[in-house]
Amino acid sequence: MNISKQMVTLNQDIAGQEIGIPVYDIDCGQPNCKTVYIQSAVHAAEMQGSAVIYHLIRKLKALKLNANFVLVPNCNPFGRTQRAGEYLQGRFDATTGNNWNRFYHFDNEIVGRFISEFDEQLADWSEKQIVDKFRLFLLDSLNNKLNKDWGVNTAQFLNIKLQEMASKADMVLDLHTGPSSTRHIYSPEFLTEEAQWFNIETVLSIPIEFAGALDEASFTPWYRLKQALKQRGLDFDYHVDAFTIELGSQENICLAQASDDANGVIQYLAKKGLVEGQENITPKTVAVVPLSNYKTLFSQHAGMVEYIKKAGDKVQKGDVLARVLNSLEFDNDSAIVNIHAPQSGTVILHYPSAAVQVGTQLYKIAVES
Amino acid sequence: MNISKQMVTLNQDIAGQEIGIPVYDIDCGQPNCKTVYIQSAVHAAEMQGSAVIYHLIRKLKALKLNANFVLVPNCNPFGRTQRAGEYLQGRFDATTGNNWNRFYHFDNEIVGRFISEFDEQLADWSEKQIVDKFRLFLLDSLNNKLNKDWGVNTAQFLNIKLQEMASKADMVLDLHTGPSSTRHIYSPEFLTEEAQWFNIETVLSIPIEFAGALDEASFTPWYRLKQALKQRGLDFDYHVDAFTIELGSQENICLAQASDDANGVIQYLAKKGLVEGQENITPKTVAVVPLSNYKTLFSQHAGMVEYIKKAGDKVQKGDVLARVLNSLEFDNDSAIVNIHAPQSGTVILHYPSAAVQVGTQLYKIAVES
Amino acid sequence: MNISKQMVTLNQDIAGQEIGIPVYDIDCGQPNCKTVYIQSAVHAAEMQGSAVIYHLIRKLKALKLNANFVLVPNCNPFGRTQRAGEYLQGRFDATTGNNWNRFYHFDNEIVGRFISEFDEQLADWSEKQIVDKFRLFLLDSLNNKLNKDWGVNTAQFLNIKLQEMASKADMVLDLHTGPSSTRHIYSPEFLTEEAQWFNIETVLSIPIEFAGALDEASFTPWYRLKQALKQRGLDFDYHVDAFTIELGSQENICLAQASDDANGVIQYLAKKGLVEGQENITPKTVAVVPLSNYKTLFSQHAGMVEYIKKAGDKVQKGDVLARVLNSLEFDNDSAIVNIHAPQSGTVILHYPSAAVQVGTQLYKIAVES
Amino acid sequence: MNISKQMVTLNQDIAGQEIGIPVYDIDCGQPNCKTVYIQSAVHAAEMQGSAVIYHLIRKLKALKLNANFVLVPNCNPFGRTQRAGEYLQGRFDATTGNNWNRFYHFDNEIVGRFISEFDEQLADWSEKQIVDKFRLFLLDSLNNKLNKDWGVNTAQFLNIKLQEMASKADMVLDLHTGPSSTRHIYSPEFLTEEAQWFNIETVLSIPIEFAGALDEASFTPWYRLKQALKQRGLDFDYHVDAFTIELGSQENICLAQASDDANGVIQYLAKKGLVEGQENITPKTVAVVPLSNYKTLFSQHAGMVEYIKKAGDKVQKGDVLARVLNSLEFDNDSAIVNIHAPQSGTVILHYPSAAVQVGTQLYKIAVES
């Protein structure tokens, strides 16, 4: 293997200082092999994925690689300098409120255009030929999006620049964390079996729709292409493996945990034949939960909250999840309001601050069907 | 007329301090009359509409009223305390990035449900009966949205609370401003004639679709109802007049200008027969521009910008709109980059700061077809 | 005892909504007794003190009180609505950067003025007479500060309003927390013995100087008065017991811990004779550290930090406190930079985020002499 | 002349991206000549000074130079990426609230140490020898401040890095702006005559004290040295000319105005013999106002403010400066509260937003004595 790195310049700040992202390229030295793209911290405070990339680079060195890798820790140069008190507000553009993870590009017409353009050749092409042609189509679509006379907004600019790299890959991992969170994965419905190879306890199964995120932008066009070709009687088995992996809590890194998570990623790679020589890891029990069962509990009370149930806890309907302290009622029995679980399930994450207002996202819970 | 006011409590802050909005009720003293709902500053720094409401209250006292009024200046109690340096960041929820003007509720199925529920009675009902019944349906839908076990986010909570008041009205004005902006109106396509009565130079004609704003949430269900009844051969002429009015620049109030704008609102009310006895005003030339011609120019350069073309200016394709100063090139001819107009048209607004990055929304221009 | 409460209005927001603080008054029913003033959360995200006040109110009900109490949880109505991402930025005025805990008032000339005004009477006055007169002098000084033609800034306004209540008390507790912190107390040098009654492991002994905080503003004038009277040969033993107590970490409340801390406060009150009937608590070993030994370690590296040593840990000079991960060096041995303890001591707190820049306050350590 | 530039790296961001400032060095080609240091935008949104530096570079090319120049536009790499809504919050460290213009270093003991170290040589040294030796002392003091085991905070780090460049200069200009402001200069008392050469209407005369700013840090040690040498009977006439120049309003650049201001700077340089060949400019009437007459009016009301008196206006005691609109009183005569001028004088600046709370800095006025 050969590893190279560069600070890839995206643009500059108002004084001309370059705004860049570190990009590691690992070349396995084999021809015609697959490419794996992994980025972390597009929400800048979600840094644990960067620690996972640190370990991946070290661990990959010890393995036989059958794929090339493009690794981008700290992929958001705008968010990672946006301080708000003692924390990083790297979740959305501080000017517009645009979530840095919702402006990837997907052209709903692209499959239709592709098929009509190559209508007569498709039946003759090999799968590889179709893949190569369609990938060029996707890259062209990104390029057109960027270069319009009127420009694009900052989140679109960042997302498309990252997507230009991701679109060349056969596997795409977008490493995130939650607020105060346990580890979990968003997997497209058709990959929930494979998703369990990451050895993370909860797999959220999401429909094949585009809502702006990188995983969706990565698997959706290929899935649609497959469906369209099938309708025409053409067999086409290629897809992009794309996942959003949530690696615990924001504002924090833990190198020991990151090593475990890197092992999960490597197990996935090994099962797919993309690496060889990895150590075995102890498998965890994994639950697959449909996205429709992943519910958010918004606060109806303002106050100071003690989170009784923590990320990872099982809860029964009616259990006290949290207690809200109301400063104006300290002299009577309304001082504490209990928040009950509306359904049974597993706590995936809770809000990271005790200070909540009406509408604060208190908990996300994977509820039982 | 009779005017009453109250601070309507929406919720509380973490110490139990009430969070409220001032609401003025003006009762014209007549039975069965229409209701006009006007709110301002849902984007908290957009305060000029509050000055317009100040003048409206004074001016309405001198007129004969044929409608009741509900007036809500400073309708966003969350945004109006959210300081960011010397400005108010009241455009989006500082926790989530949610735009305070994108979470009004519209239930896409509501017309279908209404018609199937009252299938047999509709043909016999008067227009007033249909209006009353459908309005209850709408209020019920809002109520259901709020009271779910799992709650709603803060922007939804605020928007639905406001919408509960607006849904009772026959005319809804949502008063906004732009950043550095000239005055303009968003009007549904079917009201662009009437929109000119406000005497504001630019009317942006928008399609009858719901994208989250109050004007859309107000006129869309009624327009859909009308269409659905028409398909069944029933005549139904009722609609809600709903507009978003942009009254110049944020972070600023000007009482003299507010008086003029209040006169425009009163002219609209008078033309509709809702008030009588108003003074005549000198009409302005008004251009109606389809939303598809309202374009945003995003910066492709970072730097310090001098805005040459100002809000209200006419520009020709190729004109220099702005100059970007690049600190790192002060010793050569790249020190200044000119930004040219991609098309001819009228500058409606520009960004309020000289400091821009890639993707900053530099200008919005109503371009010629 | 008799307990009453009110939301004391300090001012209003831009829409006329009152800005208030909850104030609990507990009257012990005895004449001429002492007053204890306790406030929390002047840095709004430092909420654990409010939970302590919650327990104090409950526990005081079960005791015999020989003092009156004024308790103000959530004493900062400006900070407690200032959201920044998912956290509260309630440490400083978001407009000016003014720390909400540095604008209490102390008039350096006040002791001199007092003595010259009552030069001839002082020798004849009882201690109580001197105390009463000087307290009026202090309140007058606060009042003059507020009512100037030119006004005061927002932090001064808040601080003086709080200080008007605190100045009437014989004992003042200002309840804070650190970022990721262990519990500790700031005590004036002359009270470090008594400070140990709070049963908190570290007492930081501070000189009798005014740097803007409430504890300093509370004890300094009385200490100076005592010194000045002593110089004139007058015995005067009165002082105000004032402490800043740091109750762990911000953005968090824990009711069980709060109960323990309330017990510590009650032990202090009992030792001073201000309450009777309390339970005994197990004493902790307390270290008293001079402020000059309380050191801040600022980061000289930017990167993502894993905090190895936690709040409360003992460290030896040279120990690895933390590891900084550098994204641009993942392929070589500079990937991780170790941060070593410059001296031996006890970690009191560390920064709450892994994302640090040059100059970030990484650790505060009570070093050994 | 010879001009060179570089992006001087100060540190890096959390991903290893360099954090730098553009620095222009202009070498006049003569030996032993003076050095002029000019920086702008240490408060990042105060960009007009960068436009002045742009013009200075162009204009200096056409002149004969008798001095070297170091020019640093956009000297704050931390502030210039810190967005808050549509504005730049570049006035203070978003983590700590530390004003970026209050952490320059001045060692109160430095003159004493210098004199005691060179006690026996001072009488024999030439002025140039003393200047050179003392400058080394100053640089050494900066260096020691930076390199302590425990580090310095971010504002100190930035300020000392800039001060290392400024300390080598004989003339130091720190270019700022106000919020909504007219142009004015802070001048040390002993330079108020010369300060008028900048051709800016108001000179604020400040005492020779250190409160943390660059101008003070630049002239104070030399002034103290002069005084100390005089006490020993030694004549020493050297001083550093240091000024803070306020060039209008923040968030804005205007190239035409910047050209005028560059001409004022060049007139100053010409009068000092540092450049030759400049055009004559029409002198303005300049008022010199002692700092004790420069007063801040803080709001005692919250509400929406119309600023009647603008920057540059003369006001008489009692004039209405501004009107505060109160949303909760629109139906009565308290709807508008007038704010009156407490004294006669010249408005220098006002707050840039209509949204004010209690304690907002509404106006700064240079009052008549």
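Letters are used for the chains, namely A, B, C and D, taken in the order the chains are written, and counting of residues starts over at 1 for each.
In the analysis below, contacts are C-beta pairs under 8 Å (C-beta built on N, C-alpha and C of every residue); 3 or more make two chains touch, one makes a residue touch a chain.
In UniProt terms, the chains line up like this: A, B, C, D = Succinylglutamate desuccinylase/aspartoacylase family protein.
This structure is a prediction, so every number in the text was calculated from the model and none was measured.
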More contacts between chains, B-D or A-D: B-D
Rounded Å distance, chain A centre to chain B centre (Cα mean): 35
Separation of mean Cα positions, chain D and chain A [Å, integer]: 46
Chain B and chain D, separation of their C-alpha mean positions in angstrom: 42
Residues of chain B whose C-beta touches two or more other chains: 7, 13-17, 19, 22, 47, 73-74, 78, 80, 83-86, 91, 93, 95, 304, 327-328, 355, 357
Category of the chain touch graph - line, ring, star, complete, other: complete
Chain D contact footprint on chain B (complex, rising order): 3, 5, 7, 22, 24, 44-45, 47, 50-51, 53-54, 57, 71, 73-74, 80, 83-89, 91, 179, 251-255, 304-306, 323, 325, 327-328, 330-331, 335, 351-355, 357
Residue ranges of chain D in contact with chain A within the complex: 7, 13-22, 47, 73-74, 77-78, 80-86, 93-95
Complex contacts: residues of chain A adjacent to chain B: 10-17, 19, 78, 91-93, 95-99, 149-158, 295-300, 302-304, 326-329, 342, 355-361
